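You will see subunit A twice below: alongside subunit B first, and alongside subunit C after that.
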Partner chain A sequence: MKNKAMHLDDRLFSDKKLYLPLLAVVLILPWLPMGIAGPYVIRIATLTLVYMVLALGLNVVPGFTGLLDLGYVGFFGIGAYTAGLLTVYYHWSLWLVLPLAALNGALWGILRGAPTLRLSDDYFAIVTFGFSELIILVIKNELWLTRGPMGVPGIARPDLFGIVLNQPWQTYYLIFFFLLLVLWTVVRIRSSRLGRAWFAIREDEIAAECVGVNVARYKIIAFALSAAIGALAGAFYARWFRFIHPDMFKFWESILILCLIVFGGMGSITGALVGALVLIPLTEILRIVLPPEFSNARYLVFGLLIVVMMRWRPAGLLPVEKD
Partner chain B sequence: MTERKSKKILLQTHNLVKKFGGLTAVKDVSLDVKAGEIVALIGPNGAGKTTFFNCLNQVTVPTSGAVTFADQSLVSVVSPATKLLVLRLSQVFAGLSLLWLPLVLGVVWPEAFFRLEAVIALSSLTLFRIYLLRPLSRFRPWSRLLLIIFMLVDIVCGAVWLARSAEFSEISFFGLFPFYPLLVPGAIILIAGALTLLVMFNLPRVREAFGRYLRADTITRLGMGRTFQNIRLFSSLSALDNVKLGRHCRTKANFFGTVFCLPQARREEQDSAEKAAECLRFVGLGDQLLTRAGALPYGDQRRLEIARALATEPRLLLLDEPAAGMNPTESRELITLVRRISRAGIAILIIEHDMKVIMNLADRIFVLDHGELIASGTPEAIRKDKKVIEAYLGAQ
Partner chain C sequence: MLNTLLEQSSLFLQQLVNGVTLGSIYALIAVGYTMVYGVIQLINFAHGEIYMLGAFLSFSLVTGFFGIGLPFGLAVVIAVIFCALAGVFLDIVAYRPLRRAPRLAALITAIGMSIFLQNLALLIWGAQIKSFPRAVVPAFLFAPALQFGDVVISWLQVVILTTAVLLMVMLQLIVHYTRIGRAMRAIAQDKTAAALMGVNVDRVVSYTFALGSGLGGVAGILVGLYYNAVYPTMGYFAGIKAFAAAVLGGIGSIPGAILGGGILGLAEVFGGGYISSSYSDGIAYAVMILVILVKPTGLFGRFARDKA
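Let's turn to the complex of A and B:
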């Protein structure tokens, strides 16, 4: 009976048989000999982990709180630019820049969330879309601050206790550490008072209010947490990629991150991870497999995959509950 | 009921009115529920019973009237005089807001005075501001905030304008008269006017007019639990999680406590799981803890809703047609359940169509018809009341 309504997520994180081999694979990955493609594979793995963090962060708003967010990349961009500019202008350490970026993300998450509290689903989605476009416009046009379309080149690599992490495996482990941090936060909250309040808002806002959930407050907390995680990923991304440009944070990215969680199963933590694990390497594999003139058509395959998924598994690859 | 218990009034409404446009759904309803009592609210379909319930816990905001729950006022009464005062103030401000046009123009783009499209654009913006000020007369909670934001904008604009005024000393209106002499007094009037209004809006009397709008969740914390006519469970969560959500307003674990696994948060979580399981056992769902709420049979869903309301530790439980769609056995079980809740010292206000349930349970009955209270009294008196029979069966 204990397993009756146990979430898939709970099973994954409590069952050692499931997660220990996974952990082993992830930890050994940088040391697997993969020929000349070695650094390339680690690079893709790092990118996948960045998208896992993003998917986990986005999952908080549409997955847990039930509000469709079409502008998540805005927070990714805010985090990246906060970290990038602080590093370029002040040469601060990663461990100072990262929390500041996350805080800045949370601040904008709240500022975006506060006026939209009363909006219902579709209207909220439109506002989020507009907000992310606004951020890109600001980044593109405020030359004095962001250098606009010239981008921000030469951002310092991440560092740890004064040592510069310049090996691919070092940054790989770094983002893996951040992933674990975010994962821990999200998993803890999902099965807590806070997470339940979010689920209640998702299921029925009026009933949630009537059992004593302060709907406005918990929505704001969800926005802030989601934005902070996005900004954290962005900050890491800026320090890892060492160059940021407004074109990196286009609307398409929001849709990509949303696809990850839709593919994996909305509201499911495992689903978000699996979504990123399948789709992000897939784009790279398709780049190699497809002839070069079709390499831009690889997102077509991507879209096809989502359509097929929606036909056969409408609730995602690993849905939260099965009846 | 003991004499001492029945004396203390828990819930009292005074001339509660709810209007939806031209339709008056609830009309001057005054009733009271004493501690530990079971009170029934009956009436034909569309009599306004559920609207009345929604007004009690502010899911819909009543048009006028007062609700007192556990010696606390839930809806503040707005006196007509105050309402008029606020209305006048908002009109004054709307008029003042017309001056905003030259103000902003002067600050941002002085040459714009001589460009038609800029004048049109800013005029429409000003009209939009006035349009936004309309809800002031209806005392929306956010209207004051809006007003204060506008005023602050005006103050800032005025100040900036004043500071930059020397720059515009050369400019003259259509080459006829100089701009500068108009500018300084205009800015001063706006700053002073906005400041005065800000102060005025903080006068206790006016502040009172905006009312202390308690949200539904605050009222639940005060001890008013409720169930819904059309079941509103969190259907994809387990039964236990549903009831744990009822504990939400009695617990305080926050983000940091949860993430860092602080002992207090952990203890609280355990505690709320135990209390929730206890509530589920109380309504007879002890073996369905982990079933998805949406997968429960209909009668169990109704009982789960009651368990969720009980978990909020209410002093007054509002039951909205708990026996709707139940078979005779289930409604008999419901009667015993309600009795047991009442024995635990919780007052109950129940809406019900099933007369057997009502006559069995209620200490007192109020009858609502077309939003008006037409009768009240003991079940025996109600059974014989002419008006009630008329409302149900039609006049002869």
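Let's turn to the complex of A and C:
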């Protein structure tokens, strides 16, 4: 009885009936008989998991603290370039490169967030947007470091205990492991003192300040965590895709990730996962189904989806229950 | 020595002319952002797309993309009217239902509309850059109007500047000396009080969208001619720069938007010419961020967008 009253987010890890079937599906996916489509399906599944991590990471700022971040792809880019360049220049292991990328992401998250603390919602959104555009410009123009528009090819595959993971199912399990790690972190934080402080800030910043929540401190923690998760996803992406290019980190990507959490329900962890699970395979299907001249316009669906969701279901498909 | 000095100064003058032209276009777009923000405190992200539609429509009408080719002047007038109506439609369909919703919802909707319109244009017209064929555009536009040494001012630049100035003057007259303008100012000051005094808020907001979008459409046509390039993402970049101009001038202030547009146009041209051409797009972002962080009210702004 008590379980039913609990929000989906809290049941995600505590309700065996809920998580065991899900876990089973994810784990056996690479071994399903898919014939020739196999590698392709695993690739889409891996991509979906990457976007799940991104959605969970973005969700921390707009979902938990109520501030609209329009430049999340900037951290994805920072992570991808940090990991990609360290790998190409120094040939370091994934397990060294990945934490460094996440740390670098967190650092930029703090640097970006600190001056915006006193800004209101829409100005915060503009600053985040401008920041990510500046990052892309720097990546594009600082050829000596990033090779600019030539991109960074030939990034080494992920490795584990000195073994190179060169099978698609291996990288698939790897990103699933990272997803579980991130998921566990955000689920735990959500129901901790930190999470409650964020929700208080989201509902009413001034009231939160008045009852003794250190708004500045908790916002900074949210910025750092969110950025670190984005950079982690980027670092994995660079090692998995083995090529990075400034055009992969355009504004649209930020909007796509935002769309995932708007669709699922802002602030809802399950919502972020469901959003990615539905929309990312959908983009891939649209890419195949639509004739090539239209496939570029598939973002049209996302624009429309955002507008429709905001109009009729502003809380998303799986809204967060409020007490 | 004298020669290089002359060359330098004529380069400078040419940059000045180009900068002022660009600035007047930014100002035309920025006014649309600032007016809408003034009345409903919404950053209308889709404004850049209205500007793009202006360019595409005028292009399609003169080249007969939709089946019939119209004379240039008529095409321009129809395109501008369509843009004004599109702005009103956008407000009624997307923003009006969210007037009482949290501001974040309207802001996200605006982004959604922007993406929707941009991709709609991509579907209709394709990704390829379109240019106005010389035959359909009045020929005198491309002739030099004035020439001092190496500095050339084309008729097109003259037309852009005069159009911008005339429209700005007209706008100021509307805002300050007509009933609807007074209603706009009243709503900008206090929406509830204005409504209580009998101002039909929805109608005035529609007029605001129509005016701002019409000006945006004009800017789109002028830019389409100036760079001779029309493409679906043109509204994205111009929109950001114009928005930066509006923020710089103080969002909500029309003279601020005009001044901001001018400053940004000059900064972009001179920054691109003398500092680094690869970062000339970055100037707008940097200006925008700096103004928001250091002086959120901009040069003339009334909206202290601190925590409300």
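Heads up, the rule we're going with is that the second predicted complex is superposed on the first by the 303 of 323 C-alpha atoms of A that agree within 3 Å, B and C clash if a C-alpha of one lies under 4 Å from a C-alpha of the other, contacts with A are read in each partner's own complex, and residues count from 1 in each chain.
Criterion: a residue touches a chain if its C-beta (ideal position, glycine included) is under 8 Å from a C-beta of that chain, and two chains touch if they have at least 3 such contacts.
Quantities reported herein were computed from a predicted structural model and do not represent experimental measurements.
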item	value
First (subunit B), second (subunit C), both or neither touched by A:189	first
Contacts of A:221 with subunit B and subunit C, given as first, second, both or neither	first
Touching partner for A:66 - first (subunit B), second (subunit C), both, neither	second
Partner chain in contact with A:200 - subunit B first, subunit C second, else both or neither	first
Chain touching more of subunit A, residue-wise (subunit B, subunit C)	C
Partner chain in contact with A:213 - subunit B first, subunit C second, else both or neither	first
Footprint overlap on subunit A, where subunit B in one structure and subunit C in the other make contact	206
Contact footprint of subunit B on subunit A as seen in their complex	1-2, 4-6, 184-185, 188-189, 192-194, 196-197, 199-200, 203-204, 206-215, 221, 225, 320-321, 323
Residue numbers on subunit B that touch subunit A, as the complex places them	57, 59, 215-217, 220-221, 226, 228, 232-238, 241, 244-246, 248-251, 253-255, 258-259, 261, 265, 268-269, 272, 290-292, 295, 308-309, 312
Subunit C residues within the subunit A interface of the complex	41, 43, 94, 97-98, 101-109, 111-120, 122-123, 126-127, 236, 240, 243, 247, 276, 278-279, 281-282, 285-286, 288-289, 292-293, 296, 305-308
Touching residues (chain side subunit A, partner subunit C) in the complex	62, 66, 68, 70, 115-116, 118-123, 125-127, 130-131, 133-134, 137, 140-141, 205-206, 251-252, 255, 258, 262, 293-294, 296-300, 302-307, 310-311, 314
